[in-house]
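Structure first, then comments.
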Amino acid sequence: MSLLQVQNLVVEFPSRHGTLRALDQLSFEIAPGEILGVVGESGAGKSLTGAAIIGLLEPPGRIASGQIWLEGERIDNLPPAQMRRVRGRRIGAIFQDPLTSLNPLYSIGRQLIETITTHLPLTHAQARQRAIELLQETGIPAAQERIDHYPHQFSGGMRQRVVIALALAAEPKLIVADEPTTALDVSIQAQIINLLKSVCKKHGAAVMLITHDMGVIAETCDRVAVMYAGRIAEIGPVRDVIHAAAHPYTQGLMSCIPDIEVERQHLHQIDGAMPRLNAIPSGCAFNPRCPQVLARCHHERPELMPAVTTEAACWLTANAGATPSFEAQP
Amino acid sequence: MLAFILRRLLQAVLVMVTVALIAFMLFQFVGDPVSQILGQDATAEQVAEVRAALGLDRPVWVQFGHFLYNAVQGEFGMSLRQGTPVATLIAERFPATLELALVAAALALLVGIPLGVYTALRRGSALAQVFMTLSLLGVSLPTFLIGIVLILIFSVQLGWFPSFGRGEVVYIGGWSTGLLTLQGWHHLVLPAITLAIFQLTLIMRLVRAEMLEVLRTDYIKFARARGLSDRAVHFGHALKNTLVPVMTITGLQLGGLIAFAIITETVFQWPGMGLLFIQAVTFADIPVMAAYLCLIALIFVVINLIVDLLYFVVDPRLRVDHASGH
Amino acid sequence: MKTTLFKWLDSDVGHSFRSSPAALFAAAIALVCGLAALFAPWVAPHNPFDLATLDLNNARLPPAWYPEGQWTFLLGTDDQGRDILSALIYGARISLFVGLVSVLLSVLLGVTLGLLAGYLGGWVDALLMRLCDVMLSFPAILIALLIAGIGHTLFPNAHEALAFGVLIAAITLTGWVQYARTVRGSTLVERQKEYVQAARVIGVSSLAIMRRHVLPNVLGPVLVLATIQVATAIITEATLSFLGVGAPPTSPSLGTLIRIGNDYLFSGEWWITIFPGLVLVLIALSVNLLGDWLRDALNPRLR
Amino acid sequence: MSDRPTATAAFGRPEAAPGLAGGATAAATLAAPAAPLVRAVDLARTFDVSAPWLNRVIERKPRLLLHAVDGVSFEIARGQTLALVGESGCGKSTVARLLVGLYQPSRGRFEFAGQDAHAAYRSRSGRAIRRHIQMIFQDPYASLNPRWRVADIVAEPLREHGLISERAALEARVGELLQSVGLSPLDRVKFPHQFSGGQRQRISIARALATQPEFLVCDEPTSALDVSVQAQVLNIMKDLQRQQGLTYLFISHNLAVVRHVSDHVGVMYLGRLVELAPKALLFAQPRHPYTRMLLEAIPKLHHTGHARTPVQGEVPNPLNPPTGCAFHPRCPAANRRCSSERPVLQSLDGVRVACHAVEEGRL
Amino acid sequence: KTFRWSSASDIPTWDIHAQNNALGNGVHASVYESLVYYNSRTFRIEPKLATAWTQVSPNQLRLTLRQGVQFHDGTPFTAEDAVFSLQRAMAPTSNFSIFTQGIERVVRVDARTIDIFTRGPNPVLLNQLTELRIMSRAWAERNRSLEPMNIRTREENFAHRNAMGTGPFRLRSWQPDQRMVLERNPNHWGGVTSNVTEIIYTPISSDATRMAALLSGEVDFVLDPTPQDLPRVRANAALRVLDGVENRTIFLGMDQHRPELVGSDVRGRNPLQDLRVRRALYQAIDINAIHRVTMRGLSQNTGALVAPMVAGWTEGVHQRLPFDQAAAQRLLAEAGFPNGFEVDFACPNNRYINDEQICQAITAMWARVGIRARLRTLPLTTYFPMIQRYEASIYMLGWGVPTFDALYSLQSLVRTVGPGGDGNFNAGRFSNPQLDAIIDRIKTETDPHIRPRLLTQALQMHNDDIAHIPLHNQIIPWAMRANVQIVHRPDNRIDWRILNLN
């Protein structure tokens, strides 16, 4: 049984110009212990998906339809008090900016202990002990002393470690990590990703890793979902999505990335930009930019359907059932 | 830390000297105390003699230098109206104003902050809307009008509260307090409300705005994501962060309260410094005015200093030695 | 003109305006008061400043709906036989004039100094901020009282025009600090932004950068502040007039009218006090409401 | 339409400079290859970040100086791209700002076409040189004045330098510029917020190109952008370079991007250049241990599941840099000498590198 | 019984010789007594601490002192105390010099007799003595208060906050501007019919609040109610208004000295020097309207410079010129101002009853005959110095006569400016040598038959010249609870001896 199951999730923003549909019929699953990568252009709806799962959509955003199941229990319609017990306890979260994620007025010890005692039946002393262990585990030297320090006394990388410790404090089964390394230095990124991977493996937690960075996805994830304009364009094992994508968007995206090992005179580029939420074209949302657009792409919307090794929402896969040839990969 | 306080003090001295100087220059124009002292019927010779005696015939800067020299020693001279040393007068009046201002400040804070939190958390609810609208009324009503209307309703029509004065006071050492007698509190109600209303609404609106701002920050979102209870999030995390900027404004407002007390004290015949000042103005009682202005400046400076020190208590980012951080 | 109005109404700000009953209400009142004040000579039934038309025998008439009232004096008359309605219209004109002009001047002064302090930094900044400290440690009403005091005694022979000048100066000199601080704060932020640096790289002079780039981008909060300050200025004017250093009695502002009316609080001639008080509160309230709405409307994060 | 001939002559650029679309042949007018267009000599910039005077006196604290850039020298030949890479805070942006005159150098010189640029910036004719050196900023959302129309933004340098004052000509020129960066001239009347990030970055480029500069300083022009948009911007930049013979200083922390755009690469660490090499050499054979680590840290798209070896340790505090070689606390090959003696940049097989280990052949 | 009362301001000091302040003098009279005092009903001088007096020579008055009088501390009242107190009033720091003017020295004759020597004949000596109160010498010595308070010293005078007199009440406590408590003196020598045992005084400066305190029953008596509130007080069965004429006359002065007025549109001449213009100004004022509307009947219209109870007043000098707008316009035309003129007009705004309103009303009335007065109103602190610098063209002034003798007004207001208090409030610098001669003669004229005639003559000459435009005598209302039994005195003070509460 999968740990997390998202079914036909629709997230909407009512506004005076009509209701904006930011997530449209989104479905995917995460197995226990699995790392699912979520990639896509800015504004594709990655963060919203994460927020919807942890139940922290900012009003006026709301789940309009669809279901979210955690360990067989439906959580999208839980009352706030119960949802709070799910958050932190069963789903942990990590946000992009470690500096702003921590309350500057409280020591990290206090923030850790507060989180632990909220969820676990521990005394203050026990909670403190556990907090120190967590810090040690996330690689903070001299955790005994540092626990009483304040966030501003830590460097960016250390802070993100603290944030990871906080997310892991109550041993959640799932961690939603929304761009955990984007704000960090290139040289620290790898440290944090490695850490995240190892501690989650140790605690048996599954991770939903949201990022722009295909490189990070490539080396970290088991499976990857590519989002475009509020929908999943393609989802499948990481190797297959990178090397044998079925969806033209995925293919385009992969070839945009300058490769350190291969030198090219000209990068491939996908012309145009992702449509705004209020101007999503009918049919396949990618059709105005798609080099292989078919007639039906303009008015029929493709659902996710099995491609060769992945699932893709593209009529090409339905037609050919095979990877269209589109700028051969070297 | 020490350097900080020192710098503050230097600044304070600068402020106070400037205030004194400005005040002093202004006094040249507020009127002639001599005709007040001598009454209408005095002869020109008498007037000249008293002017000379008071040093009013000397150049302004000489008077100012003299004033500064004495003021540094806490010596502000004699009140021209009352024939009492100004220091004594102020000492007598200060408790009344301070009590009024403190009670009003307490009222403003104790009512204003919860209301601000409420209207921020329940943004959009009917009650919150009502509070917001009422609060606007609070900033739109001139203090003097509030005072007069309160007297009209609660003293004259209903007869619930006295309309003037401080009632019975108890002396503890040289300090007169009305807070130890029932009558004292009875007298305090209307003036305190009058004085508090403006500040109350201001604090409420400020807290609300700050709170809304803080509620949008990442660490609040992250606190929620950690499954903390609403109580812990709103009052443990959000409110404390809200209070940092609120403190500054509130600090300044408290000083403002003491100044605004001029109007309230005039309306309610509250025997405080404001009343003393207004009467000094109508009498051109220069020593009293000068002392009052310097005292107000001092109070502001002290409050500012306290607020700054409070920052150190509340915000760890300021507390830590620069070198040890990263 | 018409199209810009429509365009504005269709914009986000315009929409939030249309959908806020409070803002509409406030705008309506402000508009009525503003227009009445602007066209006072045509709107008001009498000219309360023309002393030759006053007749002491008409003094203290109650509003028209009372048996002793007269329809020529809709809201009654005051102790000099002045028509209250006309006095209100002319008084509001003065109050609004003083409020608007003093806010305008303090915006001008405050924004200029704030821009200079924020953009140039260094000793200019230090000096100006110390000045602000001094001003702030002096309660506004006190400064105003003193300035008004000087003005009146410095030029004892001057009449109305000067009285208003003094009022405006008093309110301006206490009001600019807020703008200076706000603008300085935003300028410090804005100055770091890359578009300002881009302009510097192009070679645009500091003054031009301040004026063309920084200024428009720091004016948002100033606008909000200014709206609210108009209300504050009107109340300050009233308070000063109430304390006796404001507008002269022969051309009374709302504050002066209230001060005069204050004497009639218990005498049964309530209309002399109540109407000016109401109008003052109404104007202050509507301007405040507008400012409040504007603050929310201009804050993108609140939308 | 006036251009100051004297000023342009000073930079050796013939006034017959090619139009934008026309092309290309600026390289043909190149001076002798011996004289590079851009030359930084021992550039340094120090920031005084000490506490206020009174604090220092009372707390007995010394003056705190931050050496953001500490003796950086490089050259860029006309039409070439030098990339600067390094961790956050190593001084890349400071170098960029020094070059465009946003900062005054505390030491050293920056020569543009053989002339001391900072002296020129300060002089009355400073504008003339500003025409030729332009900058593209990192954040496309912050680098355009949100209240200006695109037409005004792009026209500002033209107006400011008095190049074109006539309205119609201005309009035409703006349209031309927009077109050259792949935007429609009709976009003139829009505001920045009506564009996507990539489009905004193109507007910035159009603005930078307006005065027909020869040297463009690009401070992380794509790091705020999505990969797909990044590709668009990088392509445009390369195209422009090819067409107009532009010279770039390209700053980035993304080595993959750097490899794509640059001719030479400089690696900075804590305010100093630790390695400066032609691109091919650097990527094929990184010499400095830090360069090696950086290369190692790049996530590789094609090796899924492979863990990287992250750079060990944390970025040091620039206020309190390690003695000797600043990198030694994180360096696997560090020895005693590294912690006491600061290595200088030395030429080695066509590469310039500052490392004792390399010099001694230990690496 | 406790009597709680209020007025706008507090007394400045308890030092009876430090400040000559009307309210203070009235309050002091409850604790300190003078040698002679006015009877509240007849307003004749009657014995108090002196039981008899004789004019031994034109320059020497002998007073016999009352026996068996004790100060509040139980010490007996003696001739030493009387001599000391009168001398104290003559000290350089005393503010009572106008009441000691002309006194050369005071001499103890024996334990119950003193002599007062004057420099010349002094017709108003007894009137002056009503304001010179007696303090215990021993007490003053003990507390180093031998001289009146001196502003130049840095120390407060003990007598400033403490009192030691012989009066029917003694001072229990005084917090300036807050509260003053007086209690009944059980050992008073007699003549007191009051049933009040305690007096609590609270100054309340805000008019509205003061009235609110009366209406809500927090005080029993208000000395200075606002005229407009009186109808309401009168209508209230629990309250009562008592009013009487004060011996203070309100009038307008005019600059008759400058060749050209400041702030006027008339060039090259001073219109106010023209009698016709002054008369036009006079006749344009509808005094009855002011009386009825502005003053609500609380004024006594007058054509004289002094009130009826002042020596020198007659029905004749009381007659006003008639209100006549047509005549005024005609006079202006005759004087060469058919279209009127512009003139500066200054007024106090917190000195007399309805001062500002009266001036506004007058401005409006003048406007109707074409005189464009530019009114400015000032608080008294700046107003009096300003008019004394002769900066006003037309100004309002009120003049009370504590001596009940018109010389007091004539000398200050009408006499050409000169030394020794001559014309010290002649702020329009009016000058008529004939009138000056008469005034100088009155100063020393003691003959009870000739003196009143001279006074009346001077007042009439003043009226003929229209040196000032008289308006009215103030009528002072007192508002109180209905159970207060009190007699209204023209000097606006309470007679504590006969105050009763039912």
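Note that the chains are named A, B, C, D and E in the order they appear, and that numbering of residues resets to 1 at the start of each chain.
To be clear about the criterion, contacts are C-beta pairs under 8 Å (C-beta built on N, C-alpha and C of every residue); 3 or more make two chains touch, one makes a residue touch a chain.
The structure presented is a predicted model; accordingly, all values stated were derived computationally and were not measured.
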Touching both chain A and chain C: give me those chains, sorted by label. B, D
Taking contacts as defined above, which has more of them, A-B or C-D? A-B
If you take the mean of the Cα atoms for each chain, which one ends up farthest from chain D? E
When centres are defined as mean Cα positions, the distance from chain B to chain E in whole Å is 40
Where the CA atoms of chain A average out and where those of chain E average out, how many Å apart are those spots? 91
How big is the gap, in whole Å, between where the Cα atoms of chain B centre and where those of chain D centre? 55
Averaged-CA centre spacing for the pair chain E and chain C, given as whole angstrom: 44
Junction residues of chain E, two or more chains touched: 208, 212, 215, 350, 379, 382
Set of chain A residues in contact with two or more other chains: 155
Junction residues of chain C, two or more chains touched: 153, 262, 265-266
Which of the chains touch, listed as pairs? A-B, A-D, B-C, B-D, B-E, C-D, C-E
Chain C residues touching chain B in their complex are 22, 130, 133-134, 136-142, 145-147, 149-150, 153-154, 228, 231-232, 235, 238-239, 242-243, 255, 258, 262, 265-266, 277, 280-281, 284-285, 288-289, 292, 301-302
In the complex with chain C, residue positions of chain B that touch it: 11, 14-15, 18-19, 22-23, 26, 29-31, 132-133, 136-137, 139-145, 148, 152, 156, 212, 216, 252, 255-256, 258-260, 262-263, 278, 281, 293, 296-297, 300-301, 304
How about chain C: which of its residues touch chain E in the complex? 50-52, 54-57, 59-60, 79-81, 152-153, 156-157, 159, 244, 248-250, 262-269
Which residues of chain D touch chain C in their complex? 97, 100-102, 126-127, 130-131, 133-135, 137-139, 142-147, 156-157, 160-161, 204, 207, 211
Listed in rising order, chain C residues that touch chain D in their complex are 193-195, 197-204, 213, 216-217
